[in-house]
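Look at the two complexes coming up: subunit A is in both, with subunit B in one and subunit C in the other.
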Partner chain A sequence: MNASAWQMLLEGAWTTVWISAVSIAIGVVAGLVIALIRLARIPIIDQLLVLYISVARATPLVTLALFIFLSAPDLGLDLNRSVAGILALSLNTTAFNAEIWRSAFRNFSREQSEAAMATGMTPWITFRRIMLPQMVITSLPGLVNEMSFLIKGSPAIAVIGIVDLTRVTNRISAVTYEPLPPILVAGALYMAIIGCLVWLQRLAERRANRLAM
Partner chain B sequence: MSEANTSETAAVSIRHLSKSFDDVEVLRDVELEVKTGEVVTIIGSSGSGKSTLLRCINWLEQPDRGSIHIAGQRIGVNDAGRPMPVRELAKVRAKTGMVFQGFNLWPHLNVLHNVTEAPIHVQGKSKREAEELATALLEKVGMAHKRDSYPNTLSGGQKQRVAIARALAMQPTVMLFDEPTSALDPELVGEVLAVIKDLSAEGYTMVMVTHEMAFARAVSDQVVFLEKGLIIERADPETFFTTPKTDRVRKFLENHDTPSPA
Partner chain C sequence: MSNWDILWDERAQFWNGFLSTLEIFGLSIVGAFLIGCGLLYLLEGSRKRLTMPLRIFIDGMRMLPFLILAYLLYYGLPSVGIRLDAWWSGVGALAVYHGAYFAEIFRGNRLTFPPGQIEAAEAHGFIKGKMFFRLLLPQIIMQTRPLLGNQLIYALKDTAFLVIITVSELTAAANSLSSTYFIPTEAFIVVIGFYWAISVTMEIIIKQCGRFSAKRGFDNV
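Moving on, here comes the complex of A and B:
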């Protein structure tokens, strides 16, 4: 592999990292918001969210990405590839994250919330100061798992023409006729990216020990 | 007893309180008045409604009928007779401090921050001010040396003492104790009771549900006996423990090893 092949690989890795990072950020926050809304059990809205979650969880990423990219013009939307890719990844991961957050809500100790309310905290302060910090720690293993699924599933967005870390290996081997080196480097780069997440997870686990009373 | 008078002067004033869970009446027309500086102990067999009564005082349980005033202010229901908005309810609740059977400390916060959390985020105290207050309270309960520890490293008795400091930190009008020693190993009961006894000596107003008869006799100004949601006897501790009026209480005390005077 020559210098330009290396550069292409790094650019592909960068595309994978930034598109995944944006989708993860959207997905974690949107998932929490959906879980919060579902707590309120508002008629119709709750059913719509359940429908969204089951559809999004059942749809392959490639299908979702294609659908969004191809249907956007019909809806009068001018989506560029990156936005369509982020939308597909976010819609997918949000559905899974919403379920992770929801189970964290369900399992949260009622006694602890009561103790918070008893000191005069409003439900919002109780959520922000007592529940959320603990829910983040207990949900992190599940969330990080979902993050690494998202990264490993991200090559799906190549279907709408995004040149990510996997797609770029094809382009390189099309020139060099040596498919093995670029795919090995790509594999190593994926491992490095996931490795960062695993490190984050280990950090969280150390704090989680404290919560086990 | 005119209503305006008593609700204005009493720390806690409970009138005509009734509550049912499904078909079971757990509180029936309960009337209770706690004067400032008074220690009231609620006694009764399990299922008699004593914890529910205590939890109604800070509106963790909502009664079906009746009213509760804390230092003259009605809790849970606003002037228009509607359920209080959450912020208003939280404000009245802050006038009460509660200590739970299971401690219920927040495990993600260390001892100091368990105590400073509400003063900072509810009362808007500065961090320094809250920490000074917390340190003083932790000294009072003998836990200042553990201020940087996390709850999972403490014994039950230590946890409960921190929980008492946490409740005191809001400088409540009345402290509510819901069986504070029932979850403790026998050898740890004493350290918690000693702290509560100190508080009563300092003039704190307290309402306590407990099974510790000797302790109730030693610290109470008023003992209330609850049976199937009904207050069937109330008296000063001497009268209550030596010459109970009803057979029911006599039998209850026999089964609980009536304490000799402390």
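Moving on, here comes the complex of A and C:
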């Protein structure tokens, strides 16, 4: 492998990282919103959300990415590849995150919300000041786990032509006729990315535990 | 003729894709299960020299995307002289990858076992192999079944990656139909329905296993 191959690999890694990061950000926030809506138990919307979560958790990312990218023009949307990829990844991860947030809500202690109500906090302030900080800490391990699943699933977007870290190995081996080195390097880069995430989680947990004391 | 009629006429293609996905999935989870049990058995052994490389292998698999492993088997192995076709490298990659996950799930559960049970079995004269198959494995499998169920769903979803290394399965069927007739929306809705049906069925089976395991008293150890 020469310098240009290394550069291509790093560019692919960057594509994977930024698309995953955007989808993670969307997924975490949208998951929280869906969990909140589900708490309200609005009749028809609740069933629709249950259906969405069930279907999205069962749909393979490759299928979802192809579905979104190929059928967008049919539905009158003009998506470019990156947007379709981000949409597929975030639709998938939102469903998982919604479940993580919801279980954090369910396990939140009643006494604390009652105490907050007794001291005259409005529901919004209770949520913002009391519930959310604690819920972030309790659901962090689950969320980070889901983030690493998303990065491990991100090669699916290669199927719609995004040149990510996995796809780039094909391009390099098409020139060099040596597929093994780029694949091994790509694997090592994935390990580094996911290792970083796990390390960040450990750091965050240590900080959170200190705050909780 | 509406788009749905076209799809109905091509139902054989969906059905073949569905069967081939089920075949890949079934074969690879059986392989993964055996690999998981084998890794657990090796970890159970007291040989310290073996434990370290096994842990590194399992953790390495957990940090790698599935598709990279499939690429390694399909594109990478020919350079060292081993040539597998797309189907077998797909099934092999699925089995190895999810085998490592199964092993990790089993190992996590094994750590929670009270040591008294093993000592009691040893005091009764169980040899290691028999103790593993009669006592440890059944308990571990029944206790980890929700996690195993999740992992099975992940394995099902990973079969779709094989379309990238040209295995013809369910997603490939939808892809080829949508490019033949230009009806991607309907074709993919049908395929997503198929995947959904498989995972709902699996969830029901896991729940039934829960009933069985409660009856046999596996849950309150």
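Please note the rule applied: the second predicted complex is superposed on the first by the 206 of 213 C-alpha atoms of A that agree within 3 Å, B and C clash if a C-alpha of one lies under 4 Å from a C-alpha of the other, contacts with A are read in each partner's own complex, and residues count from 1 in each chain.
The rule is short, and it goes like this: a contact is a pair of C-beta atoms (placed from the backbone, for glycine too) under 8 Å apart; a residue touches a chain by one contact, two chains touch by 3 or more.
Computed from a predicted structure; not experimentally measured.
In the superposed pair of complexes, A:N80 makes contact with neither subunit B nor subunit C.
Of the two partner chains placed around the shared chain by superposition, neither subunit B nor subunit C is touched by A:Q47.
Contacts of A:A58 after superposition on the shared chain: subunit C is touched, whereas subunit B is not. When the two structures are aligned on the shared chain, A:V159 is found in touch with subunit C, with no touch to subunit B. Residue contacts after overlaying the shared chain place A:P179 against subunit C, while subunit B stays out of touching range. Touched residues of subunit A were counted for both subunit B and subunit C, and C has more of them.
By the touch criterion stated above, A:S4 is placed in contact with neither subunit B nor subunit C. In the superposition on chain A, A:N107 makes contact with neither subunit B nor subunit C.
Comparing the two complexes, no residue of subunit A contacts subunit B in one case and subunit C in the other. Touching subunit A in their complex are the following residues of subunit C: 60, 63-68, 71-72, 75-76, 78-80, 153-154, 156-161, 163-164, 170-171, 174-175, 178, 184-185, 188-189, 191-192, 195-196, 198-200. Against subunit A, in their complex, subunit B makes its touches with residues 58, 60, 86-87, 90-91, 93-94, 96-98, 100, 102, 104-108, 117-118, 121-123, 150-152, 163, 166-167, 169-170.
For subunit A in complex with subunit C, the residues that touch the partner chain are 54-55, 57-64, 66-67, 70-71, 74-75, 148-149, 151-156, 158-159, 166, 169-170, 173, 178-180, 183-184, 186-187, 190-191, 194-195.
Per the touch definition, subunit A reaches subunit B in the complex via residues 109, 111-112, 114-123, 125, 129-130, 133-134, 137, 207, 209-213.
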